[in-house]
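The structures come next, written out as structure tokens.
Two complexes come next, and they have one chain in common, chain A, joined by chain B in the first and chain C in the second.
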Partner chain A sequence: MKSAYIMQKEIRESILTPKGFIWYILTSIILSVLSYLFLTNSELSLLDQGQMLYLIMNFITALGVLIGLVFGADAFAGEMERGTLEALLISPLNKMEIALGKLGAAVTNWGIIFVISLPYLFVVGKGGQNVLIGIVYLAVLGTLLAVIFSAFSMGLSARIKSMKNALITSFFLFLLAGSPIFLSTAIRGTWFGSILDFINPFADAINTFDSVVIDSQGFSYQAGRVAIICGYTLLSLWFLKRSLSKLEM
Partner chain B sequence: MIINVENLIKNYDGHTALDGLNFGVDEGDIFGFLGPNGAGKTTTIRILTAIIKADSGNVLIDGHDVFKEPLAVKKIINALPESNGYYEWMTAQEYLGFFSHLYDEKQSIQESDKLLVDVGLRGKEKHLIRSYSRGMKQRLGIARALINKPKLLFLDEPTNGLDPKGRRDIHDLLIALNHKHGTTIFLSTHLLDDVERLCNKIAIINYGKIVRTGELDKMKGKGTIEDLFFLSTKEGAL
Partner chain C sequence: MKRAIVFLSLIILAIAVNYTFASAASRVTVSINPPSVQANMGDKITYTGTITNHSDKAVDNVIAYISLANITQGKESPMDLEDWSANKAIKVDAIPPHGTYEGKWPMRLIDSGSYVAYIMVVDKHDNTPVSSTMSHLEIQRVLRLNPNNVLPIALGEPVLIGLVFLFITIKRRKADK
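This part shows the complex of A and B:
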């Protein structure tokens, strides 16, 4: 219950301070530009609706992960640097309650980004197949990814105790997660590429969107990748719990 | 005894912060905890308020073991840390409201306003904290530390950086709190006139050990508190 008050405080902070609000504005601007290009640019408009939708979904997922990382890195190290953490730790709630409140706020921020993106998804995907099921997959997998990356970043924030260093390490994690995207199709086709793709939660989500939206494949094709993402969610929460036990002022 | 500390040891990366600390504080005391910078004052407060764990030793707060029942301890204590930060985007009223929820103290706006009046922030309840001066923030910190009507209040250098009037006001506030509500105050400071004005008992810590403890008047004898401090911490200042 007390986690709810922490979450409420964090969400208010996101809305009332530039820290979070800038993300919403940025999301709207970038989605507007992307959608406009998809619909008006002569080359991009040659893509079919499914491919456009898939690309926008990738972008929204990446943004959700990025926001999770930033909020996670700020969670403990940022409060420590601003001198506000000690008053929270003196209060009669345990560290996990504080972390869950902050995690809830990070996921809510992802939720806000998702809601902002809905009209764009409908406009870009209009007339194409699998729009609704694609959006459902985006909601579920995006939420799980927001939990995974926020919790990892929050754990790092509790261990490293420096917001700058926690943020740098988290960004490195983000690049590592996105690395399969930068690999050539040939490398991705090898056993090495396939393993890298399979064990990477971000790539798993992207490949699931591809499979659902473009290839119109059913859940049985996605189950393995979804299970991996669920596994990472549990792993990230375990990592957060372990990191909190090491949190000292 | 409201605080009973036995053989407390804490090491940080090979450096001994507390080296077998022993002392006790009686209920109703204003207890001065003195020592040079780096002597172990803040570490002691952080252990006593269940923020960090000691490597070994025992701490009882009002009969509760700090290491085994941290939540029970946190409900009856509160503290103002040395470098307390604030959610500057909140108003003072919102700030107290937030912390009262964490303590399950369903404080009405009138109650938190009264607390703000008590610490001298009348008329500033709805101002953003970012517009507050350092002294006003310190008063707000004390109001936050009183939100759960604590039996035991830890203050770490509460008058640091305040002008003489600000310091005098904080002194008056603490004396009133102790006399009216019987709140035990554990005051960590290196400002000797704060101790002289407020405390009935003191302990002097140096290199992580208590070098002297007892009633202030008896310990001073005919000398001054400065003599007592410098004699006790001759080689301790860092």
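This part shows the complex of A and C:
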């Protein structure tokens, strides 16, 4: 319950503000442009419906992870730079409760992005295969990825105590996680690429979307990748807890 | 002079015989169907290639592949079939003597224009690849402005979020006063 108080405070201060809202307007504008291009551009509109849905899902996931990283990096280092961390630490809440409240706000932010994206997912996927099941997977895996990357970035923020450095390190992590996108299909097909794909939670999520939406494969095909993502979720929460023990004024 | 004429005639004869032998040496022929197609962008068509073995021996391990060239004025170029066709090349294990093999090349028509499609067959025992005749392909442009009712969502949602944003801003300003 104490965490819920921090979560509400964060939502009021970071999400329901004019500055916070700009993110959502930009998100919807980008999704509008992408959806319109996918459906009307002479080459893109001929992509398979499942392929379009998969690409939009990847984009939404990446956006959710990216904004989660910014939230995480600001969590403690930002409070410290604004001079508000001391007041937060002397409140009756312990560090983990504060962190869970902030993590809750980051996940709420992902939830808003997901809700904004729903009409686009339905329009782009209309008449295609596996739309509903794809959206369910996006909701579950997107939430887990938001927890993983926000918690990791929050842990860095508590350790590094500099928002700029925490943000830069988090972005490097994001690029590393997104590296399968930059690798060619041939490299991804090698043993090195396969291992990199398998141990990377972001790649696991997008490969799961591919398998569910395009290849229509069942949960038994996804179980291994989902288990790895769940493992990373626990690992990131453990990292956050360890980092909080090092947090002091 | 006579000798020279005889000598030159022999050379020409040798070349002609050699050419005839080379032509006859092509044990297979290939044809493409349909010979011409008129379709719209986004349509799916299938080309059928029929490879015929004219020899008394079985032909094995031949490779057949389809090629597409854009012949639209000003856009002349060979096409990369990756987006157009799933199976570009087919390996045929064996065609019996005087037998035929039928290969299928499904294709999704990605862009408008005038094209020619042709099928090539490569037999490792032949020095010359065998080509089918060219099938003319005319693809009409299709313009869709509001597929899947995307426009109301694409225009409406940013406006709706903008209105919520305005509502929250005004409410906050009133609360601050």
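Note that the second predicted complex is superposed on the first by the 245 of 249 C-alpha atoms of A that agree within 3 Å, B and C clash if a C-alpha of one lies under 4 Å from a C-alpha of the other, contacts with A are read in each partner's own complex, and residues count from 1 in each chain.
Methods note: contacts are C-beta pairs under 8 Å (C-beta built on N, C-alpha and C of every residue); 3 or more make two chains touch, one makes a residue touch a chain.
As the structure is a computational prediction, the values presented were derived from the model and not from experiment.
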item	value
Clash or fit, chain B versus chain C on superposed chain A	fit
Touching partner for A:Leu16 - first (chain B), second (chain C), both, neither	both
First, second, both or neither for A:Leu55, with chain B first and chain C second	neither
Partner chain in contact with A:Leu235 - chain B first, chain C second, else both or neither	neither
Inter-centroid angle chain B-chain A-chain C after superposition on A [Cα, multiple of 10°]	160
Which superposed partner A:Leu66 touches (first chain B, second chain C, both, neither)	neither
Touching partner for A:Pro119 - first (chain B), second (chain C), both, neither	second
Contacts of A:Lys2 with chain B and chain C, given as first, second, both or neither	first
Chain B versus chain C as contact partner of A:Val226, first or second or both or neither	neither
Per-pair minimum CA distance [chain C against chain B, superposed on A] in Å	5
Chain A positions touched by chain B in one structure and by chain C in the second	16-17
Chain C residues within the chain A interface of the complex	41-42, 83, 108, 110-112, 141, 144-145, 147-151, 153-155, 157-158, 161-162, 164-165, 168-169, 172
Complex interface listing, chain A residues touching chain B	2, 5, 9, 13, 16-17, 79, 82-94, 248-249
Interfacial residue positions of chain B with respect to chain A in the complex	46, 49, 51-53, 70-71, 74-75, 77-79, 81, 83-87, 89, 98-99, 101-104, 141, 144
Contact set on chain A toward chain C in their complex	16-18, 21-22, 24-25, 28-29, 31-33, 35-36, 39-40, 42-43, 45-46, 116, 119-120, 123-124, 126-127
